[in-house]
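So, here's a batch of structures to check.
Heads up, the next two complexes both have chain A, just with different partners, chain B and then chain C.
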Partner chain A sequence: MPGAAVAAGRWPGWIRRLSTAQRPSFGRIALNGAAGLSLGFILLPLVFVIWLAFFRQEIPSFPPEGYSLKWFAAVPGQKAFVDGFILSLQVGVLATLIGLALGVPASLALVRHRIPLGPLVNTLLLLPLVMPGIVLGTALYVFQIETEIATGWPVLGSAGGLIAAHTLVVVPWVVRLVTASLAGFDRTIEEAAQNLGAGPWKTFWRVTLPSIRPGIVAAGLFGFVTSFGNLEMSLFLVGPGRTTLPIAILQYLEWKIDPTVAAASVIQIVLIGTAMIITDRYVKLSRVV
Partner chain B sequence: MARLSLTHLQKVYGDFNAVDDVTIDISDGEFLVLLGPSGCGKTTTLRMVAGFVPPSAGKITIGERDVTVLPPWKRNCGLVFQSYALFPHLTVAENVAFSLEMRKVPHAERAPRVAEALRLVQLSGFDERYPRQLSGGQQQRVALARALAMQPDVLLLDEPLSNLDAKLRQEVRVEIRDLQRKLGLTTIMVTHDQEEALTMADRLVVMEKGKVRQIGNQRELYERPADRFVAGFIGRSAFLDGEATAPGRFRSRGGLDIDVGAAAGTGAATLALRPERISVAAEAGTCVNRFEARVEHVSYLGALLDIDVRLSEHDRMLLQLPNRQGSIEPKPGDTITIGWAEDAGLVYPREP
Partner chain C sequence: MSTTAPEAVAGGRTGLAGALVVPATIFVAIGLIGPVAILFRYSLNQFIPGQFMVDGLTIENYVKFFTDTYYLNVLMRTVRVAVVCTIACLIMGFPLAYVLARTESRFKNLLIMAVVLPLFVGNAVRAAGWMTAFGNRGALNASLMGLGLINQPIEIMFTETAVIIGIVAVNLPFMVLTLQSVIEGINRNVEEAAFSLGAGPVTMFRRVLWPLALPGILAGTILTFILAMNAYATPVLLGGPKFQTMGPLVYGQFAQQNNWPFGGAISFILMTATLLLTVAAHLIVQRRYR
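Take a look at the complex of A and B:
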């Protein structure tokens, strides 16, 4: 008897809410509709990529002729993908660590001290986030060439040059998330620590840092994801034999469009998704972002 | 545990004197209460002792140590914050052990000292909880235990009870006082709750606008207020404006001539009377100062009746009568006789 099931509350929550909610207002319907539409718009390509990765035929066409896991098996065979993955991982981790080492002190200075032109510095640090990747890439390309000419050091196409550029796109995440954490931080617990005998360093390590840890973890995660997935800017800066995963995928697509690329993307999606879920267990991402 | 001295202590913000020439000596084991209206500089004084506010002038010594320019972490003052300021990411035991950790007390010694501090505040068994899992009163005790565990030379309390409900406040008051006595802790507490101040203090400091108005015990403050401000701030007083005409003589604005005990200079002055020193009706018969008064307003306060009376066109004052069985209960419009002894009236020069 379905009626009994409803009464016993065995239906999923959202169905119960639908049946018991008072008549929803037009505004609410419109809002939910718009939110749903946007979400669908964002998720649709993902859904297609995932679907495609399981197609049996080589040339993607609808409807699929059948399903197979062979493209996943093919990914490790693509040396370009494996190397790209390793390089992207290395660059992402290093850029994230450097970005944190620069961004956390910068955030502290911006929030805690009245530094000259503070708001301007803040905006500058956030700028790479809104700058189109192509523009950023071009600018860095020119800059690195000029640096090479001026100093004679091989900058363009070097690992250092690439990591420096990626650090640039990590820093805005760090500054944004860490300044937000610091702004809501009650400084009397720092005074309490000092009162109990902790000098400035001890106070920072034992009290300040643990309190803003959620912001830092989230910043590291988003910074890493941004670096890992960066294509446009990296295109200008990679050197021969030094190809990041997004670029490797792009290059592969110039010759072939078989679902290996889709399978590689699915692996990426799963890895990043897992990282987010694990992080979310320790710090509620929805609270800091 | 040590003597604490503040000498000519001053804090200036811009051109505003938040604390102005404060000199206080607190003896070993004494419980001193800083009392005064909001914004008078109590917290600023306390924070100067703790080292969070650098004094503009003056000196602070704890025992033999001059700590005036020492940073907070070298002062060994246990401060209990009004908001408690517990570390949210540490358990109760870790909070209490924090000072021991900072001083590199050997691990083996920490546990017993933490247990002892928690036992003192009756929170044994709460070691593994986090601050958010405690009630306000329990958090307050953890803050106290945390300050006690460091074995401070002086204990500083900034309105430690203001976030507790009335009943709990009564209990914690007694507990803090007992602990302080037992440990012989030199203590400064800030409050603007007069009852709290009177019940807890060995001595009180009344501050106003950054200045110390009077230092003394409860009896001294109540019976010999140093000035008109203190007379009005500690307990209640009835005031009559007028002038001191001769030593021992006071004439009110309305022209009443009043005998007062203590000699004062002449000139514009205010007479202060404690309401309970004023007698009414037959009891007033033997008083030197005796006047007819017209009852204007009566407030029933249970144990007491507050009565506004008018002595003359320009003189009004407040009486307090105990609400006893069979005592008279004046009504507005009645005329009653009131009187007081010569030594009941204190005369203060009018403040500009």
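Take a look at the complex of A and C:
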């Protein structure tokens, strides 16, 4: 904008100072207002769920007739929620551990070594992330049927099949976050360790691993959360009487909405929120997301 | 990311590198490409009611989809909802992402957590929140009637509007987080330079911030678009049984109709439509801004 620059340069100094002083303050109010509205919009559904969990009456009609804590006591009696929570927890933990075991070495190799077709391998490992959940679910469903026919093992609807599928969506998160933390890593520190007499293993355990730990923690967190919240893909892979928590909540909501399901959701929100705050002490969320 | 490491600690031992990368590669290749290939093969099979799936090599499932206005309408509706949601996410997400990226507040971490937490809570729970708000005696109608703005409760539950609101709220955090990380990478000095050269906030945004943030805008747009195209829980819970989009349609073919060939074909059409529109958006943006 050369014209504008010349024009601004011709104005007296006090006008320029005034305009630069006023511009941000006016813009800032509008900007903060818009940002606040968006944040409110993101949080609004959670506010309603939390509110509903404390209603005294069962029907979600406003304004509430009164408030009560009784629905929280009813949650442990909901077998589908309790079983779903336990299954989601088991699948999430195992899929995350297997995903880390597969993804961390692969990330190390991809960043550190010249691998034939390296970029292609990298793309392949990230692919499950952009693959639509519905498509992945249908594809894995027919794949598990074919495996079952070929081997005779009961794969479909089994916990093993579910864990394998969830591992598939955990791996890309691990690769993405661990390669990112390796990319910003100063290699001279490793060279220094080796100059001081450390072998390759000792260098890895004492130097490399501690410095990429935030990336691994973040990968574990995101992998677990992706698995725990997965709905679309799991929908095709769960067996009769064996559903994950998100599916149990969905099936309940398709039937009705009441404070019991809201109370179960609040418990989930509190657990996840606590896990996030604990994780945040070790690795700043604002640096990894 | 960069794959060109000058000299590896393990001195270019390709054997070790292979051992590290091969298990993950094989796992993803078998778990992803194998299933998609089998799904495609299934979509070429025939479905005869009573006989279930019959091996064949026919494109009749695809022909059925593209010649039936019912299915075409479902596809158009899905694309329309996804486009509207993506644009809304971009408009609503940019200011929040900018504020989060530039704030020096000590509550920054808390604000980020407020954006991330809903992501972790799951789509069904957030849909439940909107169900509470949108019902005939829900929070929205109760407050509008309480204020005397309306006499009759407005019908918002089980409409396209409800689904769009639901999907925007679900996808907005993804857009915000993607944009925020890109804006944080843009040096603040270039904004100051634009201002000191006499640009107003609008000009600065249009000529400096937008072009520099374009990779992030593109990444966020593609991510939210894919998620919106493939939404399941939100349309099922907020749209109701009559509001069909592609996600529930695929599930219905598999779970209720047991029509695997047709379900596989719809699944493939959904994947292809998502990919084509994503690539098209990519090309249009590249042509306009390079």
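By definition in this document, the second predicted complex is superposed on the first by the 252 of 289 C-alpha atoms of A that agree within 3 Å, B and C clash if a C-alpha of one lies under 4 Å from a C-alpha of the other, contacts with A are read in each partner's own complex, and residues count from 1 in each chain.
Basically, a contact is a pair of C-beta atoms (placed from the backbone, for glycine too) under 8 Å apart; a residue touches a chain by one contact, two chains touch by 3 or more.
Because the structure is predicted, anything quoted here is derived from the model rather than measured.
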Do chain B and chain C fit side by side on chain A in the superposed arrangement, or is it a clash?
fit
Figure out whether A:270 sits in contact with chain B (first) or chain C (second), or with both, or with neither.
neither
Would you sort A:29 into first (chain B), second (chain C), both or neither based on which partner it touches?
neither
Where does A:48 make contact in the superposed view: on chain B (first), on chain C (second), on both, or on neither?
second
Applying the document's definition of touch, where does A:110 land relative to chain B and chain C: first, second, both, or neither?
second
Of the partners chain B and chain C, which touch A:63 in the superposed model: first, second, both, neither?
second
Across chain A, the partner (chain B or chain C) reaching more residues is C
Touch check for A:195: first (chain B), second (chain C), both, or neither?
first
Which of the two partners, first being chain B and second being chain C, lies in contact with A:186: first, second, both, or neither?
first
Have a look at where A:211 lands relative to chain B and chain C in the superposition and call it first, second, both or neither.
first
Chain B and chain C, minimum CA distance [Å, superposed model]
8
Share the list of chain A residues that count as touching for chain B in one structure and for chain C in the other.
191, 194
Listed in rising order, the residues of chain A that touch chain C in the complex are 1, 4-5, 7-9, 20, 23, 27, 31-32, 34-35, 37-39, 41-49, 51-52, 59-63, 102-103, 105-106, 108-115, 118-119, 121-122, 124-125, 127-128, 130-136, 138-143, 146, 164-165, 167-168, 171, 175, 179-180, 183, 187, 190-191, 194, 200, 203-204, 208, 225, 228-229, 231-232, 235-236, 246, 249-250, 253-254, 257, 261-262, 265, 268-269, 272-273, 276-277, 280, 284-286, 289
Mind pulling up the chain C residues that touch chain A in the complex?
1-6, 8-10, 12-14, 16-21, 23-25, 27-29, 31-32, 34-36, 38-39, 42, 92-93, 95-96, 98-100, 108-109, 111-133, 135, 137-139, 141-143, 146, 166, 168-169, 172-173, 176-177, 181, 195-201, 203, 207, 223, 226, 229-230, 232-233, 236-237, 246-247, 250-251, 254-255, 260, 263-264, 267-268, 270-271, 274
What residues of chain A sit close enough to touch chain B in their complex?
186, 188-189, 191-199, 202, 206-207, 210-211
For chain B, which residues count as touching chain A in their complex?
50-52, 71-79, 81, 83, 85-89, 98-99, 102-103, 146-147, 150
